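Okay, so chain A shows up in both of these, paired with chain B first and chain C after.
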Partner chain A sequence: MTGASKPQFARRRPRSLSDYFYDPKTRGVVLQILVALLLVYFISEIVSNTIRNLEEQGIASGFGFLDRTAGFDISQSLIPYANTMTYARAFLVGLLNTLLVAVLGIILATLIGFVIGVARLSKNWLIATLAGVYIETLRNIPPLLMLFAVYFGVLKNLPAPRKSLELPFSSFLNVRGLYVPAPQWEAGMSVVLAAIAAAILGIVFLNWRARRIRIQTGALKPVVLPSLLLLIGLPSAAFLATGMPVTFDVPELGRFNLKGGMVVLPEFIALVAGLTLYTAAFIAEIVRSGILSVPKGQSEAAAALGLKESHAMRLVIIPQALRVIIPPLTNQYLNLTKNSSLAVAIGYPDLVSVFAGTVLNQTNQAVEVILITMGVYLTISLLTSVLMNWFNARMALVER
Partner chain B sequence: MHRQPPNHASAFSANSAFNWVRANLFSSWSNTLLTLLGLWVSYFVIWSALEWAVFTAVFTGEDGAACRVPGAGACWPFVVAKFKVFMYGRYPVAELWRVNLTYILAIAGLVPLMWPGVKGKLWIAVYCFVVFPILAYFLLTGAEWLGLRNVPTSRWGGLLVTLVVACVGIAASFPIGVILALARRSDLPLIKWSAIFFIEFVRGVPLVTVLFFASVMLPLFLPENVTFDKLLRALIGVALFSAAYLAEVVRGGLQAIPRGQFEAADALGLNYFQKMGLIVLPQALKLVIPGIVNSFIALFKDTSLVLIIGLFDLLGIVQQAVSSDAKWFSPQTAATGYVFAAFVFWIFCFGMSRYSAWLERRLHTGHRS
Partner chain C sequence: MRYWLAAGLALLAGFGPGTGPAAAQSSTLDAVKARGQLQCGVNTGLAGFSAPGEGGIWKGLDVDICRGVSAAIFKSADKVKYVPLTAKERFTALQSGEIDVLSRNTTWTMSRDTSAGLNFAGINYYDGQGFMVKKSLDVVSAKELSGASICVQTGTTTELNLADYFRSNKIEYNPVVFEKLPEVLAAYNSGRCDAFTTDVSQLYSIRLTLGNPKEHIVLPEIISKEPLGPAVRQGDPQWANIVRWVLFAMINAEELEITQGNVEEMKNSKNPEVRRLLGVEGEFGAGIGLDNDWAYQIIKLVGNYGESFDRNVGAGSALGIARGQNALWKNGGLQYAPPIR
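Moving on to the complex of A and B:
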């Protein structure tokens, strides 16, 4: 650079070509133009190749195929589905199945992960060691292998329907899945649902009031017990008041097969079990490091202030540990959601298996199908990140 | 709950052993209850594992007949009979020495590379990343001019494919990842946003869809008459996927380097490549070696997904053997195969994670402000 910024010392002269060559700004612009050209060339090459290849194979492009009749069955569906419906409907069924596995897996993995993470820190040597063995074993085995082990190794070895294993609550387990009583909702059920909603609102209000009183006066109002009472009491009261508006369609052992009830697919059980056990090992490590990250002085200070151990835990330790736990925990939730795509390997009808598998094979619309599938996962990931960043910002340490 | 790292100090004399048991296992009634629960769980797990793997297991047999006895446990002769297939796939038996030689050459390079304190890392790195890949390529695929018969990749399988995918994946993704990390921290908006777009896109989708992308869409992108080997397509997918994750690891290292280092390099008049290559990257990469090993472990586990696009890695070949070999069919064949595969994967991943932890402790002594 010439000393252009200090004109009193610089010899004013027209800038030569070499000045531009050594000017970081000019270089940056030139470099970016080169990269842009390269990207444009690359993309146009890919697009033109793809168009030509598709034409040669006689595949029409566009999203029109979504309105065509799917013509295949899906073994599990949360919404009404028949093979006469469209590919778009099949896509929705697959998406909902993916979300079902992801939500259930996240809840279970969090529960198991927290228990094992806390057990890993136990003063009891045996419990801590058992938790450590669990973590080190499960973390170091591919999740797909776990799915296969649960699915082909265990569930496919179960007896045939005729010799079903009988479980409590008139459930049956056999090679075709877990047969459980199917609840049949009757008229009064909407009242019970409304009671559940009211209970949740009540709990939110209770917490809000307790927090306000604590901040204003410092008095601690009981929260956990009333919340539990509300959550259990209100719906049960509504349930009894409306005359128990639910009956169960109980599966019965017939001559060759089970009749009635509701089937939980073995593929579903294997997927949820495999993903849960695998992810729980990672969550346990996150929980452990989160709790360890809170300095010892914090619990000592809480004790010095006269807080009970449970209060110290809830009001001092856990809020601070959560700060460390939440970002990696979010990552694990996303990993579990993405890993649910392993369903394709054992034939659970998730998004990838239904859409990028069957629909792709039937329609040959590779570009559209893969882009839609990737788009769905990308949307889930970005939404979760946005949500968690917001939550994280709320939890973050407010410094002076 | 206890918030300190538990200190289970071991003790050997009888008296202190008794005290240790009392303090760590039976200090209160709740602790005693936990201990009893733990004992019951360990008894249950260890006993059923032993019963399955040893006491009721079948150790000899020519086919699945011996394993079809009711109540029989693990079917070990199946693993013995299939061992070669699990390790090498359908690689011609007469040429197996080439695979083994490749392994030996790899170990000869990797051990000194990974051992801190060995001199001449640069030359070892040149061997590992330039010389060895060329040697390995010709050894594994064959070179007629050297008298090595061609072995098409469709005959590769088992642990060989797992190792090839994992090693090529990490070796190819490493330079891409470093470039992406540097690009993401660049001041030039176009370069920065291209890198962010790529990294966040790849990290936002599952590897399965990336592999589908590589196997279904990549052939459409290519000009006429250019076809890619199936294994190569999977390798491209895996390398791009892993590069995005590695880029984030390296970015973490770049962010940990104090600003003064960049400024000092600028003050010395170093240009961008000198600054990054001589000052920043050596420090940043040293900081993130454990992170790199961790992403290698993740990649190693993820290689099992290539079976979804029809390649036979270790898990894929075990899966094929247990599901389609009628000769060895028995109720416990599948479980035995999976336990064996799990054991192999576990040895590799656990070994690497121990290495990573050991390295972290060793590197921790360095200057880390």
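Moving on to the complex of A and C:
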């Protein structure tokens, strides 16, 4: 109080130590440093304590095990893998298997979730009720049970290998999975790949130009048809021009099973299907609430402007709904990724099954293995969040 | 501010050097005595080895080790808390102190005995890995399993032996790996796998639980050595000795023909070996921190190794496994215990 009435005195007096103590800014900085030091000490104590305890208990520690031979096999691998390779390689195989399920699951769950979310708001009673039943049922089943139901349900209904279901394109379906011809690329394939890349670039350019013309002159240029033509036409032309550089390794019946071809494991199908159906129910609710969050006046205004209903949905409602949808959607993506670790229950070789399961048990280095595994999930989650936040920020700009 | 400082100091004090759990490690025997109960890690349910029977009473060859240790310490075979563990959980449970002994069809391997912080106390069952297939497949040898899908449980030696065997025989196969046994069996039953592989004794035990046991056969190939036995934590030699000598006492008792039925009379035996085992002569209990009648209690309350084998997995049980390698050394088997002297 007195300081306020005579500010010049307070400012001129040389600052003593106690002034710093009572200065909230200094105090804040000092406190933060202290807390940071304490934290560093705390962590280093935990680390050294753990190492000492492990040593005293005669448990190996360190990360050297990653270079040792794995010695076990993995049923599905996106990269070449043999049991003579290292634990680090097995880790990579598990990680890629996890990512495969996560990415595929997220894409499918989003598609299904949006469809069901919109269906739930349908004016058609039957469609709305069916969507409602789907959502209420699946949201209330624990994901693990869901996976068991899908996996063992699928296994029970598929025929034995010798009685495989024959599908078109020399494909077969049986209890061991879906067998499809494996494409074998030959020399000219790089040209085809280049053509695909060129087509994508072309589409990006087309869109960009159409947008510019629309903004400058208001004229609408067609994009969808030319894009499709480009995407299909260019690679097809390259494919034919290079003399169809692909052959197929077709599955054939062996003693126990089909030989050759490519197999999609039932564990994989069950995991993706289970996670997708489960997460889609949550996404549907998010989509529904997002759409409902857009004030009715918006669609009325759009109608008053003469926009078609589909245009109103696409240009007015959805962009605004997305702002509400994206944050909780991110959560669902993270949930799906984390739930994919339930794979181990149904025999799919994901990161947890391969690394935090088999590798942990063969090396007995639980601390290191779990640390790495946690680090991986943390990284995946953070990356997903960053990506979605970026997307969210972009969507938020649409706001006027 | 003051609270912060106080909290910080408290943390510092708590985290000073040498306060970790291992540093303050005390004797397992004392801990068990103070608790009044032995914590024994067993299988989640493997008939003959460790499985809960009627009224939740645990029975089996592995369970009898727990009961033996309990008898030696408490003069009662029932002061045991059984902790059912899956293959994956078992070592962590022992390392973290959740259990005192792991007696759960666990294979003694070098890495487990050295770098996993475990100490194996002996071998109570000599086993080997085999394969079980459906009879309808018409397979008579493991060598015919080329291209087959094989179900296996994670966290076992089984998983590695499998890869070794097929690699060295240059046969292709597809492993399907589950964390828990029920899922392995469900997958095998549904036809997802052609074969199920684990230690042969476990194959026999599990076969009895499958709908119609006659539909499944165990193939003749034994692809590994699986010496199964109880394990303890490293760093407490006295405790390791107790578990080891409980097993040895049971084997020695069979060799000396001391049974649950005759142990009382045997106390009057003239045979010095019998007298030392039953604590009539000598001071052998003191060497492991127990009363001198420690072995007498085991035999009276649990029985000798042969009796335990018989009623749990042998001729007197549903499994009906022959003694084979698990016969006493003098009967052509491998079971051999060092003398008590």
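Note that in this section the second predicted complex is superposed on the first by the 335 of 400 C-alpha atoms of A that agree within 3 Å, B and C clash if a C-alpha of one lies under 4 Å from a C-alpha of the other, contacts with A are read in each partner's own complex, and residues count from 1 in each chain.
Simple rule for what comes next: a contact is a pair of C-beta atoms (placed from the backbone, for glycine too) under 8 Å apart; a residue touches a chain by one contact, two chains touch by 3 or more.
Everything numeric in this text was worked out from a predicted model, so none of it was measured.
**Student:** Between chain B (first) and chain C (second), which, if any, makes contact with A:V344: first, second, both or neither?
**Tutor:** A:V344: touches chain B and chain C.
**Student:** Is A:L155 touching anything from chain B or chain C once the two structures are fitted on A? First, second, both or neither.
**Tutor:** Only chain C; A:L155 stays clear of chain B.
**Student:** Applying the document's definition of touch, where does A:R52 land relative to chain B and chain C: first, second, both, or neither?
**Tutor:** In the superposed model, A:R52 contacts both chain B and chain C.
**Student:** Can A:L31 be said to touch chain B (first), chain C (second), both, or neither?
**Tutor:** both
**Student:** Report for A:N207: first if it touches chain B alone, second if chain C alone, otherwise both or neither.
**Tutor:** Touch partners of A:N207: none, neither chain B nor chain C.
**Student:** Touch check for A:G254: first (chain B), second (chain C), both, or neither?
**Tutor:** Only chain C is touched by A:G254; chain B is not.
**Student:** Hey, is it chain B or chain C that touches more of chain A?
**Tutor:** In the superposed model, B touches more residues of chain A.
**Student:** Quick check on the superposed pair: does A:Q362 touch chain B, chain C, both, or neither? Answer first, second, both or neither.
**Tutor:** Second partner only, chain C.
**Student:** Just chain B (first), just chain C (second), both, or neither: which does A:T86 touch?
**Tutor:** So A:T86 meets neither chain B nor chain C here.
**Student:** Considering only the touch criterion stated at the top, classify A:I291 as touching first (chain B), second (chain C), both, or neither.
**Tutor:** So A:I291 only meets chain B here.
**Student:** So chain A touches chain B in one structure and chain C in the other; where do those two contact lists coincide?
**Tutor:** 31, 45, 49, 52-54, 152, 156, 344-345, 360, 366
**Student:** Touching residues of chain A toward chain B in the complex: what are they?
**Tutor:** Touching chain B from chain A are residues 28, 31-32, 35-36, 39, 45-46, 49-50, 52-54, 118, 121-128, 130, 136-137, 139-145, 148-149, 152-154, 156-157, 291-292, 294, 296, 299, 313, 317, 338-339, 341-342, 344-345, 352, 356, 360, 366-367, 370, 373-374, 377-378, 381-382.
**Student:** Once bound in the complex, which stretches of chain C touch chain A?
**Tutor:** The contact residues of chain C facing chain A are 1, 4, 8, 11-12, 15, 20-23, 25, 87-88, 91-92, 95, 111-112, 114-117, 137, 144-149, 151, 154-156, 159-160, 162-164, 166-167, 173-180, 183, 186-187, 190-192, 194, 233-235.
**Student:** What residues on chain A touch chain C, complex-wise?
**Tutor:** 27, 31, 34, 38, 41-42, 45, 49, 52-54, 56-60, 71-75, 83-84, 152, 155-156, 160, 175-176, 254-257, 259, 266-267, 344-347, 349, 353, 357-358, 360-364, 366
**Student:** So in the complex, the part of chain B that touches chain A is made up of which residues?
**Tutor:** 1-6, 8, 24-25, 27, 31, 34-35, 37-39, 41-42, 187-191, 194, 200-201, 203-209, 212-213, 216-217, 219-224, 297, 301-305, 307-308, 315, 319, 322-323, 331, 334-335, 338-339, 341-342, 345-346, 349-350, 353
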